[in-house]
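There are two complexes below, and they share subunit A, which is joined by subunit B in the first and by subunit C in the second.
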Partner chain A sequence: MNAARHHVIVGTGVAGNQAARTLRRREPDARITLLTLSALPFYNRYDLPRVFRGHDDWRDFLVDPPSYYDDQHIGLRRRVQVVNVDARRKTVALAHNEELSYDTLLVATGGRGYLPEELSEFRPLLDGFATYEQAMAMRRKVPEGGTVAILGGDMIGLDLARTLVDTGHRVVVVAGPLTFWPHVESAAHRAELLQVLQRMGIEIIDAVAEGGIDAIQAGARGFAARRIAFGSGRECAADVVLPSFGLVPSVEFLLGSGIDLERGVLVSRKLRTTDAAILAAGDVCQIWSEAEKRYRFYYGWKNVRAMGELAARNLTGDDDEFEPQQDETLHIHDGSTIHSPFWEYA
Partner chain B sequence: MSVSMPSRRFDAVQPPAEMHSNDPRDVGWVNQNIPCQAACPAGTNVPAYIRAISEGRHGEAYEINRAANVLPGVLGRICSRPCETACRHGWAGNGESVAICNLKRSAADLKHDGHRITERLYAPTGKKIAIVGAGPAGVAAAHDLSVLGHDVYLYERERHVGGMLRYGIPEFRLPRDILEFELHNALRLGVELRPGQGIGNGPGDVRLGLLLKAHDAVLLAAGCMAPLPLPLPSRGGGATIDPATSCPDIEHGLPFLMALHRGESRSVRRRVAVVGAGFTALDCARVAARLGAQEVTIHIRTAEEYIPVTKEEIFEAKREGVRIKGLRTPVGIVLDDAGRLAGVEFVQNRLGGWRDGGRRIAIPIDGSEFVEPCDTLLVAIGQKTVNDFLDVAVDLDRWHNVRIGDDGMTSIRGLFACGDFVTGPTTVVEAVGRGREAARRLDAWLMGAPRRQRVVQIVPVASPQRERAYDFIPRQAMPTAPLHDRLGSRQPEVELGLDAPLALQESRRCYLCNLHYRIDVDRCIYCRACIEVAPRNCIKLVQGVEVLADGSYGGLREAREWNQVGAIWIDNNECIRCGACFRACPVNCISITRDEFVEVDNP
Partner chain C sequence: MKTDVQVAICGSAGEGTIAAGDILRNALAGAGYRVISFDAYPAEIRGFGKCVARLRVTTEQVYSLKERSDVLLCLNDEHGIPHVAEVRDYGAVIYESKSIAPLASGRHVSAHVRPAQIPYPLAIRELCERATGAVRSRNMVALGYLAGLFGLAKEPFQRIVEAKFRGKGAVADANRDAFEAGHAAGVQTFKLDAVEFGPPVQGLQSTMLSGNAAVVRGCLDAGLDNFFGYPITPATTIMERLAVEMPKRGKRLVQTEDEISAIATTIGAGYAGARAATATSGPGLALMSEMIGLAVMAEVPSVVFVSQRGGPSTGIPTKTEQSDLNMALYGSPGDAPRVVIAPTNVDGCYRCAGKAFEIAERYQTPVIVLLDLYLSNRYESVVLPSTPPFEANSDKPLGSEELGPAYRRFALTPDGVSPRALPGMAGGMHVVTGLEHNEAGRVDEQPDNHEAMSRKRHDKLQAALAHPDFTFAKRFGDAGRVDVGLLAWGSTFGECLDAMFRLQAEGIRCAAMKVVMLQPFPVDLVTRFLDDCAVVLVPELNYGGQFARLVQAETGRLVQRYDRVTGSPLRVEDILGQARRLVQAARRKAA
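Showing the complex of A and B:
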C-alpha cells in the first residue's frame, strides 16, 4: 500500500541524505524527492577546512557520486527553495511558484550561522564558511600567511581555526559567551580552554573585557581588508572576519504551516511534529529531554545521522525514540590540544 | 446561495465616468478584495495613500490617512500593523507584505512643512458632549465630533492629553514632538481640554452624574490602565504575595513606564527579567536596557512566532541586547535573606491549541520547574479596565467592562462608551477605530439619523499604473539609529523613517488592490492571450459565479469543458494587478476601475 507514496525531504545535509538512503532501502518503490538550496549534491561540510590544504575541486567533497541519485531513483532537486508548507493540502510551495505534493514530509533543513542581532549591521563585511562556495570565496580572500578573525568561536569555527593555524595563517578568536558552542563550559574550564587555544597558536581577544565590538569596517587600500574596533579602543586587523556563534534552525518556511515551532521544530522523541505527515530530523529539531526537563537540540554528526535514519524508519512503520549518539564533554589533551566529540567525523 | 451569470455593467472601450454605488456586489467586492483596508480597525484606504506616495503626493497621502485616523504620524510609528498581516503581497507565493506602516510614516515625514490640512466642517449644532479620557479613542472621537459641529469637552485625569501614547510608549519609539503636533491638530477645532481633571468619587473629582446632567451626551473612553496582578508564592518560605507591593525589586510594567513618562525616576538592577509578551513587555525591556541593566531577558509562555508584536520590534530589541526565552511560565519568586529579589521560578511549557490572532495556549509540564537568577522583575502580562469611578449604575458584561448596545450607548440614556474601556486591552489603531465609530453613532443619536454614509466610488482608470518589474522589488528595510547612540543619555528615536527614494521603491510594491479588472465577455474573442501572459492562475473560464446571501459575488465555478464556458473571468482574489492581461488583450475588452469606499453626506 505504501508503494506509491511520495516522500519529500527538505534539506540534503547529513540528516536528509541518511533519511533518503534509509527510505529507499525500506521502500524500494516509493517516490523520494530531495530538495536543496545548494547547487551541489550532498557533500561533507565538515571537510570544508580542507580547501586550505589544497583541495579545491568540489568533486572531492561529494559523499556519493552524482550517479548515486539516478541509481537509487532518488529525485534530487538542487537550487530550489521551499517557501511555504500547506499541511492541510499536503503541498510545499517553492520560491519559483511551483507546488509539490507529498505524502510524507521530512524537515531536515538544519541550521545556519547565528549572527547576534547587535552585529547585524556589519553583515556585508562578514564572511561565511557554511557552504563550498563560501569556503572557496574565503580561501581566495585570505593570502598566504594572512589573518582570519573569528568572532565567537563555536566548535565549527574553531575546527577551521585549527586548520588555518596548521597551514601557516594567523587566527584571532574574539571570544565571548558562545565560544566552544555547543559545549557549555564553566567559567573556570573556559579560561583553561582558552589558554589551550593560545598554546595551539590561536590569538584570543576577550570581547567582554574589551568592551564589546564597536564597529567592523572595511580597511583602506593597502591595508588589511577588515578592521574590528572594540569599545576599549583596541583594534584588530584581518583579511576576513568570520562570525561563528553557533546555529539557528532554518524554520522560516514553516511559519503558518500549523506545526509547533519555538526556536526549532518542536518534535517528540520519535521526531514527530504536531502534524502526522511531517517529521523532522537533524539540527532543526528541538526535542523534549525528560532527563533535563527542557526542549533541547542534539548537535553533532552522529546525532544528526541517527536522526535521519530514525525519521526514515518512523516514516515507514517503526515507532522508536531517539537516543543520543555522542557525549558532549570537551576534553583537554596533554594540556595542549582540545578533543571535542563534534570534531570526530569518521 | 444561487449561481448566476454576472451582469455586464461596463463597456470596456468607453468606461463610465466616476460613479457612486451601494450595490451589494460593489460593496462586497471592496470588502473582499482590499485585505489591508478590511483588516484595519480604522478602515484606512491603504492602496489610495500608497498610490499617492508613489506619485510623490505625500501631503495628499497624509490627508487620505487622516480621513480614517487623525494621528497618521503616530500610528506610522507604533501601529501593530494588522494590515501587513493581511496584505496580498505577503500571501503564499507572493513574497513579503508591503511595509504599509513605514509608508504611512513616510507620508507624515515627507509632507511639506506648510502642508494644508483639509477638514470639511459641519455647521455648529449647539450640542455639548463630554468625553472622559484623552487617549487615542477619546482623541479620535473628540476630533470627529468637533468636525461634526458639536461642542466637545475632553476630560483627562493626567496632566497632559495622549493617554497611553504619552504615558505608555517610550520616546525612542514615539518622539513627543510628533505626538504633540498631531494631538494639537486633532483637537484644535474648538475642543475644550480639561487636563488634570479626574472624573469619579475622589477629592477634586467631578461626579459622572453631574457631567451627564451638564451635557447632551457623555462618552467614556477611559481606557484599560490597571495592570493584571500576577500572584507568585515566595520560594524562600512565606505565603503568596502580591509581588508588586511587597518587594522593591518587583514592579508592574505599565506603572513603571507611566512613572518614567511623568518624569519620576525609576531604576533597575543588573539583571532584569520581564514577563509578558506584548508591546508593554518589550517596551519595559528596552527601557530597562536604557536605564543601564546589563542583562535583560523577556520570558514568554509560548514562542516568539506567536506573540502579538511585530518582527521588526523584536529584532530591534535584540539588537539592543534584550534576549527572549520561550516556553516558560513564572510560578514563584526567590528572595534572599535581605528580602531582595534573587530569582524567578518558572515551569517549562509545551504548546497547546491555538487562540485568536495566531496566538497559542501554553501547557505547563509537571515537574519541570527551574529558577532563573535575576535582580529586578517587571510584570507586564496585560491590563484590565477600572470602573469603580462610575457613580451611576450601568450594566457591565461578564468581564466587568461596560456593556454597550448597537447604537454605542450604555444602559444609561446619553452615556456612551468606546475603546479599550469597552473591549478590554487592544491596540492604538483599534482604539482610534472604535473612537471614530462611537463618534458616528453618538452623532446619529444626537441628530436623529446618521448624517454620513459609506458608498463605493468607482472611477475608470486608463492604464494599469503598475509594471510587472515592481513585483520583484524587495521589501525596503527601515533605517535605524546606530546602536552606540541608542543606549546613551540622549535616547534618540530608533527608527529613522524611509527617505523619499526608499518610500518610492516601497510604494511601488503595492499591488493597488483597489484596481478592479474586468473582462467584457461580449467583446472577448476567447483568444486566451490574457491567460497566456497571466503570472498566476488568475484568469479563468467559468460556468458562473456564486451569489452570496448578502448579494455580493462569491467563488467562481470553473468550467471543465468548452461547451460549459459561460464567461472568461478575472479572479480578483488571485489577481496581483500586474496589468499583463490588459496589455495583451488584442480587442481591448479588459477594463480597469478604481473601486474604493468614500464617505458622503446623506441626502
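Showing the complex of A and C:
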C-alpha cells in the first residue's frame, strides 16, 4: 500500500467526514482532501431545527471544531464545485478552473431536495431547510407564532415540523404520497399516521382531496407572505412554504465519467463503482440488494455513517460488504406520537 | 459597539489594489471611522509584483496595524495565497471564484482557506463584465461586495467614487456600476464570519492623510516658498503634491536634474531668505551630504525631508527601513552638526514639517526630517488645527545697530546664533563660504578660530531643545518605576505603544517613550525615563541598532536592542515577545 496516496472525497456530510476520519486513522501519511460546496466545515444538518430553539451560531452545529482538520492534516476545501471527473486520468475538475489529481475518489455528495415538476414554477417563492444558511434565513422570516407550510412532508420536514410545534409555531403539512419518505407505508397505516401528526399539533391538508396545488403566491403587503391556492378553492396562508419531497442524489458531475449511474451512483455492496479507484457512500449511492434484486438507497444517519466507514476501509485494503444499520419502520408511540429511526442521530 | 476591523486587499500591480484601498479608507473615514492604513507595493510599475493595502478601521484611537487581518480581499490568486494565513479565525476571505486561466492543483485561494476562516468566492470578473462590459473595474466590484456583505453605507463610497472619477464620463460610470454590482452580490450573501462594523464615531471630522501628504500640509501651512526636488521612492509624492498646491499659492517648485542640485538650490533659496525645502530618500541623502555640510558651515536655514527605504545602495526601494539615521546625524564631511527630527505618526508629520522651518530659521541650520516608507505611505485619520500652529517668521530679530560696515554675519553670540542679513539688505554685506571663516565670513584657518566656530555651530543647536511648542520626547504608560520600558523613534513607535497597552493588560508595569528630537538629543528626558525602567527595549528597523547605539552614547546607559530588517513594519506580537522575555529574565534575576 502506498502511504503517500491522495484520497479525494467529494462531499462533507456524514459519509464523507466519517470516511476522512477512517482514512486518516488507517493511513496516517496519506493526503486527504475533502471537497464541498458548503461554506462551513461538517455540521449536523439533522440538528438544524434547533435554530428555532435559539441556537443561531453555526459553531453550535459543528461536529468537529475547525482545528480538527488542521490537527488531522485533512485538507478541507469549501465553496468548491466539482464539475467533472476524468476517471482515466484520475482527475477532478473544479468549477473555478482548477484540476485536482487523485489516487482514490470517494463520491459522498448526498442528495438535494426534490421538487416535483408541477411546483417548479413556484420555486422563487419556496424556502429550503437543507443548509445552515437556509435554516437561518427561514428562521428570520418566520415570526413568533408564525405559520410554516410544509409541502409533501418527508421525515426531514416532519422532524422540523415537530420542533416548530414545540416552539409555538403553526405548522401546516400539505400531505401527499411522499409525506413519510423514505418510509413506504400502506394506505391504511398512512391514514393512521396522518391522524397522529394532527394529534402532535400539526395541521394536515390532503393535497389530493383538495384537488392539488393550483398556485403559490406572494401575499400582499400586510398580509401573510405566501398563499397556497388549492384546486378546490381552499387557500392556506403561511409565512414560508417549504417543499419537502425527499432527496435526489447529486451526481451531475459524474456524467461522462464512465461510471454507472441510475438515479444515484450504482455500487456493489462493497460500495465499489465500475471504476476501481472510485467508491461511493451515503445518500448518493444505490447499493445492490441481492434480496430485492435491485439497486436501492439506504437512508438514515447510521447507515450513511457506516457507508463512510466501510468505503474508507475498502479504499485501504479491506473488502467488506455493507450491512444496513437501522430498521426502516415508522413507529407510533401511545397513539399520539410517531417515531422514525431516521430521527436518530447523535 | 466598538469597531476594530482590519481589511487587507491583495492583488497584482495594475489591478487597482492600492486604488481600492484608497477608496475604502477615504469612504470609511468619511463615514466617521478612524482609519490607519499602510500600502505595500513592488518597485515594478505594472503587471508583476504584489500590492497589499491594509486598513485598520476603528472607533477607538489605535496606533498600529494588527498582526492578523479580519478580512482579506484577493484580486489575484498567486499574490493572495500567501496572505490567507494572516486572516484570523472566523474572519472573511473574499476571492475570485472563476479563474480565466487553468490553475494547477492548489493554486486557487480556496485551497488555502483554513477551516476556521470563512470563504466568500465571488465571480468578480464576471460581475464586472456584466455590469460594465469590461473587466477593468474589478476592484470596484470587490469593494462593493465588501460594503454589501458588511452592511457599510453606500453613500460614502459613492461620494469618493464620484470625486475620484469626476469629469471622466464612461470611466466614472463603469466604476459606479461595478460597485453597485458588487454591492448587490454582497447584500445577498449569507454572512457567516464574525466580523462586525459597529456604528461610526458621531461627529468625528477627521482628514485622511498619508505621512507624505501631512508633510505637504505642514509645509504649506508653514509658508513654504520654494521646493526643489528630484523624484525618488518613497519621497516622490511629497513633490507631486506640492507641485499641485504650490502654484495655486504663488509659490515655486522646481524639479532639478539631480539631488545635488536639489539641495544646492534649497540652500540658495534659504540663503536668500525663502522658506525652502527638498525631499529625498537614503540614496539621495548620500548625494546631498556634502551640500548639507555647506549649509552647516554657512549657517543657512534649509529643510530636508528624508523618507527612508531598504538599503544600502539602491536597496529595496519599496520596503521600509530606519537605516539612514546615522547618515542623517553624521553624514557630511567634518563636524557638521544639524538638527534631526523624526515624527512618529501622520499627525506628527504635519507638525514636524511645519516646525522644521521654524527651527531651521531660528537656529540657522539645516534640519533633516526623518520619515520612512511605512510612515510616508501610512494613512491615518487626523484632525488638523483650524489655524496653522507655526510661526511665519522665526528669524532671530536683527537690530539695525547690528548692520553697517562692522556687520559680522557669523558673530559669536551668547546663544551662538548670529545676526542674519539677507542678500540685498542695506548694511548687511558679508562673505559666505564653505571654508572655515571668521565672524565676518572671511576665510580663517587659525586654530583658535576653528575651535570657536566649531563650538558655536554645535552649541547653538542645544537651544533647539527648548524650542517652543515642540515635543522632543514624550513618555506614555505607567508612571514611576516600571518593569519594562519601550523606547522608540519614527514609525515604529505606534507598534510600541500598542505593545505597551497589551503588556499593561497582562499586569506588567510598562512605559513607552518616543524620541522625536534625535539631534540635539534630549538627554535629560531620556535618561529620566531609562532610570525608571528595570529593562529597556529599543525596537527599530535597522540591522545595526543605530538608535540604540545613539541612546547608549548619549546617556551612558545600556539598552536592549531589537533590530529587524524585514522590509515590513515591526509586529506588535514580536515586540511583546521580546518585552516579555526581558521581564521574565529580570524577574528571575531578581529572585
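Just so it is clear, the second predicted complex is superposed on the first by the 345 of 346 C-alpha atoms of A that agree within 3 Å, B and C clash if a C-alpha of one lies under 4 Å from a C-alpha of the other, contacts with A are read in each partner's own complex, and residues count from 1 in each chain.
One rule holds in what follows: contacts are C-beta pairs under 8 Å (C-beta built on N, C-alpha and C of every residue); 3 or more make two chains touch, one makes a residue touch a chain.
Fair warning: this is a prediction, and the values are worked out from it, not measured in the lab.
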| item | value |
| --- | --- |
| Subunit B versus subunit C as contact partner of A:117, first or second or both or neither | first |
| First (subunit B), second (subunit C), both or neither touched by A:185 | neither |
| Partner chain(s) touched by A:41 [first = subunit B, second = subunit C, both, neither] | second |
| First, second, both or neither for A:70, with subunit B first and subunit C second | second |
| Touching partner for A:79 - first (subunit B), second (subunit C), both, neither | second |
| Subunit B versus subunit C as contact partner of A:203, first or second or both or neither | neither |
| Which of subunit B and subunit C A:97 touches, first, second, both or neither | both |
| On subunit A, positions contacted by subunit B and by subunit C | 97 |
| Subunit A contact footprint on subunit B (complex, rising order) | 92-93, 302-305, 315, 318-321, 326-327, 348, 350-351, 365, 367-368, 370, 482-484, 536 |
| Subunit C-touching residues of subunit A, taken from the complex the two chains share | 39-41, 58, 66-70, 75-80, 94-101, 133, 136-137 |
| Subunit A residues within the subunit B interface of the complex | 83-84, 86, 93, 97, 117-118, 120-121, 214, 255-256, 260-263, 266, 274, 288, 293-295 |
| Residues on subunit C engaged by subunit A in the complex (per definition of touch) | 89, 96-108, 110-111, 113-116, 118-121, 190, 192 |
